[in-house]
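Some structures to go through are shown next.
You will see two complexes here that share chain A, one where it goes with chain B and one where it goes with chain C.
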Partner chain A sequence: MTVRTERLPYGVGRLTGGWYVLIGVLLAFVVLGLYAYSRQLAVGEAVTGMRDIGTMGGATWGLYVAFVVYFVGVSFAGITVAALIRLMNLEFLKPIARMAEVLTVIALILGAFSILADVGRPLRAILNLFRYARPQSPFFGTFTLVISGYLFASLVYLYLDGRRDAALLARIPGKLQGFYRAWAAGYRDTPAERERHERASFWLAIAILPLLVTAHSTLGFVFGIQVGRPGWFSALQAPGFVLLAGVSGVGLLIVIAAILRKVLNVPDQLSPQVFRWLANFLMVLTVAYLYFVIVELLTTTYAAHYHEVEVSRALLVGEYAWLYWASLAFLVVPFLVLFAQFITQRYNIPLIVLSGMLVNLAAIGKRYLIVVPSQTHGTLLPYGTGAYAPTWVEYSIVLGLFALGALLFVLFVKLFPIMEVPETLVSEGAAQQVIEGG
Partner chain B sequence: MARYAMVIDLERCTGCRACVEACKVENNTPTANLWMYVFRFEEGEYPNTHVWFMPRPCMHCDNAPCVKVCPVGARYKRLDGLTATDWERCIGCRYCEVACPYGVNYFNWKDPAENYYLDWNDEDLAAVTGGTTPPYRNPDLDQPYGSEQRRVAGGGRAKGVIEKCTFCVHRVEQGLLPACVANCPLFALHFGDLDDPNSTVSRLLRRKPSFRLLEEQGTQPRVYYIGGKPPTTETRQIEEVKARV
Partner chain C sequence: MRTTLTLLLIVVGFGLQVVSYFFLAAPWGIPSSPAYSNPRVPFAPTIFILGVVLVFLAAVVYELLPERGQ
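And then the complex of A and B:
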C-alpha cells in the first residue's frame, strides 16, 4: 500500500528557501528586541527616554504606550471585518475573514507585550492584576475587556471558523494531520454540525461587535477622563479611538491581503472586488476620523483654556508640528485617493495598498501625539516645557514586537490555510487517496 | 481619627529649600526625586518684577486622581487623609503620574542603590564608614503603618515602582511633624489635624484667607496656602532645579 502525501492548499506545511530567510530575519529582529528588553530589565527604565513629569521635565509614558494603543487599535480590523462578513452575509469577502481574525489575535498579543514592556515590574503586574484589580481604574477595561475578553472571543471565533477546514485537512495524510484532527475535534462537517456552527458563530459575531466598541472605548477613556492632562480630557477621545482603530486595522488588513495575494498567487480568491470593498470601508472610516480631528482642533484652539491652547500650539506650530501635519497629510491623501477611486469606480490595488500603509503611519503618529505632548507641554503648574525622545532600547523593542507579529503570522500561514479551503480541492484529493489506498 | 492637613505660609517662605533637603535626608530618596520641591517664581516685566517662592509637596488630595486610576490599589487614601503608596504592590505602570496634575510622582528609573548622591559602599568611603549602616537607613521606614498595616514609608525602595511624598507617615504616626515642617527655619510650613479646632492649622485657616492649588480640578487637596496667591499663567519659574536621572 502506498501512502501518497497530498499537497496541502496555500503552501501550508511547505517551507522553501525564501521562507527560511524571512523567518531568520524576523527572528533576528525578535532577538534584538529581547536583548534591548534584557538591558531594560537589568538596568531599569533609565535606559529609555522616559522620565518623570514635573521637575525632571520628561514624559513618563512614551513609545510603549503609544504602541499599546496602536496594536490594540489594529486588532479592530480583524474581528470586525470577520463579524461583518458573518452578519451581513458578504460571501465574496470570505477569503479575508481568517487573515483578519489572525491579525486581531496577533495584534492583541503584541498589545499585551507592549504593556509588559512599559510597566516597571512586569511579573508583579501579572500577579497583582489578578489579586488586586480595581474596576474603578480605566486600565481595568484594558486588561479585562481588551486583552482578556476580546482576545478570548477572537480566539474562539478563529477556532470555530477554522474547524471545517481542519476537518477537511485532517483527511489528508501528512505531518500536520494530528494538529488538524485536534483542531477539528470530532467535527466532520455534516449538515447538522454545519448548521450548529453557523448559529454559534452568528451569535458570537453579534456579541463581538458591542464588545469591540466598548473595548476600544475603554482604551480611549484611559486618556479621555484625565482632567489633569490638557489635551486628553475630551468626550471625543473614546469614539475617536474606536475610529482610528478602524482606520489602522483595515489599512493593515489591506496590506496583508495584498502581500498574501502576491505570495500565495491567489488573484482569483482575493479578487479586486475584495479590495474595492476594503477601500470603500477604509475611505468611510478615514473621513469620519478626519471629521473628529477637525472638531477637536476647533474646540481646543478656539475656546479652550490656557493650558489646552499651549498643547495645541505645540502640536500645530511647535515642537510636534512636523509629526502632526505629516500624520494629517497621511490621512488626507489616502482619503482623496480612495475617494477619487470611488467616484470614478476605477480601483487600483497598488494605490489602495499605499493608502493602507499611509494611514497606518498616520495612526502611529496620532497615537504618539495623543500620548506624549500632553505630558511634556501640558503641566498645569509652571514647571516649564519637557522633552522626550525615545532611545534605541525603545525602538528595538517596538521593532522586535513588529517582527514577532510578522513571525507569528508567517508561522500561522505555514501551519493552517490562511483562507477558506475550497470544497472541491480537498474532496478530490481525499477521494483520490481513498481510491489509491483501497 | 485625625484629618491631617498642611498649611504653607507663602509670606514667610524665602525659598531656602531647607525643606527639600530635609525631605531627602529623612526619606532616603534617590537622585533627582524631589518629593518636596520649592518653586522660585518671577512675575512682571523689568523693572517691576516680583519674586516669590512656593513649596510643593504632594497635595494628598481627598479626591485624588492618582488613587482613582491605580489599577491595583497600590495608591490609596488612609483614614487620616494621607495619600499613601504601597511600594510592595505597585506594578510601575505610572498611570498615577500622568493622572496627577501637580507632578509630584517619581518613578525609580534605576535601582535606587545605584542612584544615590553618595555611594555608601564605595571602597574609599568604607575606610571612613567602616561598613556601618548608612544614617539614612532609618529602621522606622521599614515598618508597616496604619490600620491596614502596609509598608508605605520612605523612598528609594525598589527599581520600577512609583514613590512620592508620604507626609512622613512614619513620623506622623509617632506624633512628630513631617521632616520638611520640622526643619523649616522660618515656620512657613505647618502641619496638624483639621478636626482639632485648636491645632495650628485650624487656627491659621480660620484667621487667614487661603487657597489650594488647582482647586478647580476637583481634586480637593489637603495642602492649603496662606499669605499669597496661586501662580497664574503669567508666572515664570526661575532657578529651576534641573535634576534628571
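And then the complex of A and C:
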C-alpha cells in the first residue's frame, strides 16, 4: 500500500515550495542571531550598547531584558485563553486553544534565551541560579515560577490536550505515525478517558491561573520593589505587567489566528465569532492598562520628588518622548478601533488584526521604556544623564530570537494539527487512503 | 491506585516547595551575615523547581496511568 502523509489534516506533514522558502528565510535570521551571539561570547558584552550605570553613563539592562519581559508577557495569552475555554466552557474558542498553548511554550523558550543573551557568562549564570537563587529575590520567582514552573505546566497542558488528536492521527499510515502513537500514549478516546481528561484539564486550569498571575507579578516585582530606582519603584508595576502581558499576548494571538485562517483556509473553524471575542477581550485589557498609564503619569508628574520627575521628563518631552507617545498612540488607537466595533457591533477582522499588531508594537515600546530610562535618567547618585543605544549585535540577536520563535511555530504546524481535529476529517482521510492504496 | 499516586505527587510536590523555600534556601530576615546570602542546602532552588514539576506531573500520571485491570 502506498503510504501518503498528505492526507493529514490542516496541511500537516506537507511542505510546499512556499513553506521551504519561509523556513529558509527564518533559518537565515536564526543564523544571523547565532553569529551575533558568537561575537558577543567571543568579545564580551563590549559589543553591545550596554554599559555601567552612572560611572559609564549607560544602562546594564537593555534590549535583551526588554524582550525578556515582552516574550514572557506574550506567553500570557496561551494558558489564559486555554484555561478560560476550559473553566468557562467557551466551546467556540476551542480552535484557537492549541495555537495559544504553542504560543505560550515558544514565548517562554524565547524569554529564557533572552535572559541567556543578557548575561555575560551564561553557563555560570544557569548553574548559580540552580545553586544559589534566594527566595527573597523576585529573580527567584522569575526563575522558578516563570521559566521553570510556567513552562512545564504549559508543556503538560499542551501534551495532554493533544493526546486525542495524536490518537486520531496515529490511525493514518505515514512517516509521522510513530510520533503520534508515542504522543497518544495509549489514548483511545473512550468515554472514561474523555471524562478523566476533562477532570485533569479543569484542575490544571485552576492550578495554572494563580501561577500565571504570580509569575507575571513576580516579573513586575523585579522592577517594582527597587526602591533606589526612580521610575521603577511602584505598586503598579506588578499588576501593570500582568495587564500589558495580556494585551501583547492576546494581540499576537489574534495576528497568528488570522494568518492561520488564511494559510490553512479554515474560515469556518476560526469564525468571526472567535475574532469578536478576542477583540472584546483585547479591548478590555487595553483600556485597563491605559488607566494604569494615566494613574502612573498623574502620580509621577503631580508632586513626585526630583529624581522621579527627571525620569518622567525624559519620557514625556525628552529623548524617549517619541517612543513614549508612539507607544501610547499604538494603545489608544487600537482601543478606539475596538471600542467603535464593540459599540456598533460591526466587527472587521483586518482591523482587529491591525489592532493586535499595533498593541504589540506598543508593548515592545513600553517594555523598553520600563527597562531603560530609569537607568539612564533615574540614578539617585550625583552622576550625569546616561545614554543607551543598542548595537547591531543586540538587534541581530533579538531578530534571531523572533525568527527562531516563528520557525518553531511553523515546524509545529507542520508536525501536529494546530487546531483540534474533527473525527470525521480523519476517518474520511484514512478511508480515502485505504481505497487509493488498494 | 492512580488517584493515590496523583495525590501523593501533589502533596510531595507542594511539600518540597514549602521545605526548600522556607528551610533549605537562604534564611529569611535582615541580612546581617554572609549566612543570609547562601542557601542552607546546596541546590535548594532546584528542589523547589522539582516540587513545582511534580505537582504538574501529577496531571500526566492521572491521565496516563491505566485503570486497574486494564
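By our rule, the second predicted complex is superposed on the first by the 421 of 438 C-alpha atoms of A that agree within 3 Å, B and C clash if a C-alpha of one lies under 4 Å from a C-alpha of the other, contacts with A are read in each partner's own complex, and residues count from 1 in each chain.
Throughout what follows, a residue touches a chain if its C-beta (ideal position, glycine included) is under 8 Å from a C-beta of that chain, and two chains touch if they have at least 3 such contacts.
Quantities reported herein were computed from a predicted structural model and do not represent experimental measurements.
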When chain B and chain C are modelled together on chain A, clash or fit: fit
Chain A as apex of chain B and chain C, Cα-centre angle in degrees (nearest 10): 70
Chain B versus chain C as contact partner of A:G228, first or second or both or neither: first
Touching partner for A:Y132 - first (chain B), second (chain C), both, neither: both
If touched residues of chain A are counted for chain B and for chain C, the larger one: B
Chain B versus chain C as contact partner of A:G186, first or second or both or neither: second
Which of chain B and chain C A:Q273 touches, first, second, both or neither: neither
Touched partner set for A:G44, first chain B, second chain C, both or neither: first
First (chain B), second (chain C), both or neither touched by A:G120: first
Chain B versus chain C as contact partner of A:G57, first or second or both or neither: first
First, second, both or neither for A:T385, with chain B first and chain C second: neither
First, second, both or neither for A:F140, with chain B first and chain C second: both
Shortest CA-CA distance in Å separating chain B from chain C in the superposed model: 5
Shared chain A contacts, counted only where both chain B and chain C touch the same residue: 129, 131-134, 136, 140, 143
Chain B-facing residues of chain A, complex: 43-46, 50-58, 60-61, 115, 118-121, 124-125, 128-129, 131-134, 136-140, 143, 222, 226-229, 306, 375, 379-384
Residue numbers on chain A that touch chain C, as the complex places them: 129-136, 140, 143-145, 148-149, 152-153, 156, 159-160, 163, 185-186, 192-193, 196-197, 199-200, 203-204, 207
List of chain B residues in touch with chain A within their complex: 32-34, 37, 39, 41, 56, 65, 68-74, 89-95, 97-111, 158-162, 213-214, 217-219, 231, 233, 235-237, 240-245
Of all residues in chain C, those that touch chain A in their complex: 21-22, 25-26, 28, 37-39, 42-43, 45-46, 48-49, 52-53, 55-57, 59-60, 62-64, 66-67
